[in-house]
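Have a look at these structures, which come just after this line.
Paired with chain B in one complex and with chain C in the other, chain A is shared by the two complexes that follow.
On to the complex of A and B.
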């Protein structure tokens, strides 16, 4: 807004169109409005603060200080000695344990030995070690772990801890979430436990869910929108689909336990989980797909019919291609819900401890939320850090999926 | 609408307010039967309980432009959409009577509406190109029917007939939605012509366009009538006067008067037609 300046020497110009009293009333009205605007903003601040607190808490829980008395070499290696980690660090560690070069090559070239070494040791780039910062540490599951401190707790008394170290003891700042966490199977020892089996299980389940729920959901939506007669029965189905979307997920778990695990005898397998979760997300998929189909303007349908298209030609060449963005978004959001679903899977037998990759739809499995839940339930304080690392992985995957849905909507959405 | 107000005798005598649904259509000339493209015979149509068309009888001669005029809600669009059975898409529509095309009653139980629309094309009020390329828009109809000739040639010919080819020949692969409103409407006309129909129905094709674009569409209608029978619904009486050979005036679902356009506009026989074309109501 530009202000009008008075010519010099003139009387000050009036700035109000109202009388004194009415003006005061207007000011009061505006103040009330401002107060309400401020009140509506409070929940937003509260929500943002809560989310930030959650993230900070989980992230700091993935760090801990540990006083360790190593069982093997107990040496740390500079990052520059083996910039890519992996086998190079393994060689350094084995030679520090006193093995000869030929013995080391024998271990590395034997796959069985390699697997055993990897199952028992975790190669980590630790932020802080006794020998300096950013060094490779090979943590052995048989190391004696003497003391454990949370990130802030250990930070406060670091000087005392460092002074109290006995001979051969080390103190490390352990980042529980590193790349090897994603590539390790689960283990009874927190330091070598990884989330690989759970990620694989989740991928299997999600893949099968898409396979089941996409054709069923889109088919049902197409039928209800394009083919079904508009009568009481159709309306009854519509209302019930909306109701089903609100049924608690544990109820679907009970249904899955009875129907798929017991009656159809699928057992506690990936197939049972995928079918049960498909049922769980189907109502949401149908609702989203129907809305996408309904958003295709009827003028396009009429144009197609007017050119002599049959119903199926119109549906397949005009309606579906123009609804595909909305349908995809709905599927992605539903899948994100299925990935985070825990309760029904506990009922239908996701396993807490699976140290191997699933081999097919009929193998036993675990998924990420179940894995996190079982880690938290463990009686070892270090598993709490492992669970935090798992939560970060799960949240990251969900964030990526929501980002993908947002991108798809932005990229392919059309305004008519 | 059949008000019988006692206070206003002038209003009572006004046929617009005291309407006779059994009105017999005034026909300005006798139509010979042999050059008829589409014949409507005692056609009634209901939306649920509401009767939208009352015993309409009308013939549309071949290779002529017939304009349907009348106030909003008079049933002219409903009549137009009945001619290629677009009203079948509305579940609550019931019909009675006959519409014949080349001697076939298109509402016969054994006639497939898809066949009807194949021969009787339609252009809508609002330009509605598909969100596809210009080429794919025009090729949509021929592809539906399994056209086995040279598709590129057919698309080019259709666009040329719609006087759009010169403007779009360099961007034939671009989206049809990128064109201006008038170009989009000509694209829709090209699309309708690409299926090689005999009759083209136009539902207020210029109501969403500016005067320049309207002028081009009207020129186009003049051009294409040597190949097609055109039936056009319009709100614009000047337009009806400019483009049509014959005009039919409807009111409240009843066909009031029909005849050669110059007759209807200069020497209407029915009082209500005279009031409408002179702009005293509607």
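On to the complex of A and C.
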């Protein structure tokens, strides 16, 4: 082809059969191809950059600088005085406030007093204080917080801030996410707000969801894959499930509000939330379970029938055990979705402020994303910090679940 | 063998088989009931939305609903025109699509056609993580990170604005577009690509003139499903775009989407049966219809136009 297009009389090339023009065109096509491949790589970089930026932003938002004038003792204690923190630091603080040993013991042995102390104070190990590094500080919600700086902002101005400090004032680097954040109830004061009740609420909701959605989802998948006759009605169910998967989550919230909260009178309880979210994730569970069941080769079923097993014996003892990895993965991913779901729960009455642990399915509740939403909605810089701490907790739990799903898929999935 | 059995043993065996049959069919029925839950859910959704919507339209004319340029059901002076909410939804969705479709398709082409196996194994889980980030987190990010940055170089940008919500939502729909498009491109048979190479086409030419056209139905379906997700998305717009219904196409403005209104009205205490509460259901019904139609359209496109290869 190329020899034909060579102009007659031109010297034959040893290295290539192509003429100048063709070679140039080939080069151009190659370059266009490379440029295109590079361009399609940009979205991948952008997506990864967005995830990293988001994580970094949220992590740095859990730190802030504050200029504080303590209202109580304002003393700091060396880390070696109370290596494990907790009650030991509390004793030191109370005695610094001038309480006698017997008073201190009385406070510590009374659970109500302890709760009150913890609701007002936060025990922090600070890497830098005026008295030296690595010292315990008991911050109090009634301390005067004079000035607030974001992490980078305060970092840049640290020298000026330190020079401008008045007597009895301190600069705190506030680590909003610490262990006590996980063990405190919510509060109207950002420094002592915690996520304990929300974690407990999420656990309750997730537990009930698994109870509802797992049998229903797997049952429906078994019916569609193993039992359903191929008729219009079956096709209707299938199309319907696909459409339900595309219904916006907030519409499920409306359904839950009308049907469970009001009509069935469950009220704004854990039960309402669990039922609503179960319906929400059911299509995803069914689709995942069907895929797992379909992946079990029919030769296994036939072998089972050949041994005289009934349909249910085959399904329960041959098909299900072989599909369990795929089903588990699907359930974990669906549960992860339910844990992060906010919009429907806003409608069915997850409350922003629940200062107690849920006691049962008919208890009022809050969950992690609702708690985070309500902190953001407070529209206050310190509550933004609290929200970011909550986000880290939520994202950590979700990442663990994704990791678990990934592990189950890798470890237990069989290739036939 | 059967002849050596006594009659009694035979009857017992038959009884056992009879019990087994009863059990077998009972299980079939139970599983059928499980599958029917999804149908009941659909009926319940349609019934709840329809009932309240019909009540709503007894008091507000359909004409007003579609033509009144204001939506103020929670104010003293009430107006029931869906236009501002619809415009708000469309504005954010449009921005999200402008960002999300090219990014999603681009990453799909890269991951399906150009990436090595190793790169794919690393990158695809990361994109799945993007899909798994709760939208309340994305809303936080839009409000507290993206908006402040945008405000430093977009003059007149409101604290709550459609632009930053739309941008972040674009990344939210990226994984939807990406994973569905990858599926579509992966199902283009190898023989087709090889025919392309056999004709002397470069990789770029095979991708853009063979693979993408052959997978077009799946790609378009992924676009439509991504659009449906963007329209139904709630938390990003509630947090970052605001709750002020405005009939505008200026992305710097504070707006309210249909979903943001549902949250606003649903979290306030609207007495059951009040017009404001019914307005909530009516907006939800509109949202449901739009997303349902988009979903059906996506399925139809795949069913009708998907190239079948034997």
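Just so we're on the same page, the second predicted complex is superposed on the first by the 386 of 416 C-alpha atoms of A that agree within 3 Å, B and C clash if a C-alpha of one lies under 4 Å from a C-alpha of the other, contacts with A are read in each partner's own complex, and residues count from 1 in each chain.
Keep this in mind: a residue touches a chain if its C-beta (ideal position, glycine included) is under 8 Å from a C-beta of that chain, and two chains touch if they have at least 3 such contacts.
None of these values were measured; they are calculated from a predicted model.
Asks: Put the two structures on top of each other at chain A: do chain B and chain C fit, or clash?
Replies: Pair status: fit.
Asks: Per the contact definition in the header, classify A:47: touching chain B only (first), chain C only (second), both, or neither.
Replies: It touches chain C, and chain B stays clear.
Asks: Hey, is it chain B or chain C that touches more of chain A?
Replies: Comparing touch counts on chain A for chain B and chain C gives C.
Asks: With both complexes superposed on chain A, which partner does A:402 reach: first (chain B), second (chain C), both or neither?
Replies: Only chain C; A:402 stays clear of chain B.
Asks: Just checking: does A:112 make contact with chain B only, chain C only, both, or neither of them? Give me first, second, both or neither.
Replies: A:112 sits against neither chain B nor chain C.
Asks: A:337 contacts which: chain B (first), chain C (second), both, neither?
Replies: So A:337 only meets chain C here.
Asks: Thinking of the overlay built on chain A, is A:310 touched by chain B (first), by chain C (second), by both, or by neither?
Replies: In the superposition, A:310 touches chain B and chain C alike.
Asks: Between chain B and chain C, what is the tightest CA to CA spacing in Å in the combined model?
Replies: Across the overlay, chain B reaches chain C at a minimum of 9 Å between C-alpha atoms.
Asks: So which bits of chain A does chain B touch that chain C touches too?
Replies: On chain A, the residues that contact chain B in one structure and chain C in the other are 310.
Asks: So in the complex, which bits of chain A are touching chain C?
Replies: Touching chain C: residues 29-30, 32-33, 36-37, 39-44, 46-48, 50-51, 53-54, 57-58, 61, 215-220, 222-224, 227-228, 236-237, 239-244, 246-255, 257-259, 262, 279, 282-283, 286, 310-312, 333, 336-337, 339-343, 346-347, 369, 372-373, 376-377, 384, 387-388, 391, 394-395, 398-399, 402, 406 of chain A.
Asks: What part of chain B is in contact with chain A in the complex they form?
Replies: Listed in rising order, the residues of chain B that touch chain A are 84, 86, 89, 91, 114-115, 117-118, 121-122, 124, 126, 128-131, 140-141, 144-145, 188, 191-192, 195.
Asks: Write out the stretch or stretches of chain A touching chain B in their complex.
Replies: Residue list for chain A touching chain B: 229-230, 297, 299-310, 313, 317-318, 322, 414.
Asks: Quick check on the complex: what are the chain C residues that touch chain A?
Replies: Residue positions touching the partner: 20, 23-24, 27-28, 30-39, 41-42, 44-45, 48-49, 52, 102-104, 106-107, 109-111, 113-114, 123, 125-130, 132-141, 143-145, 171, 174, 202-205, 207-208, 225, 228-229, 231-235, 238-239, 259, 262-263, 266-267, 272, 280-281, 284, 287-288, 291-292, 294-296, 299.
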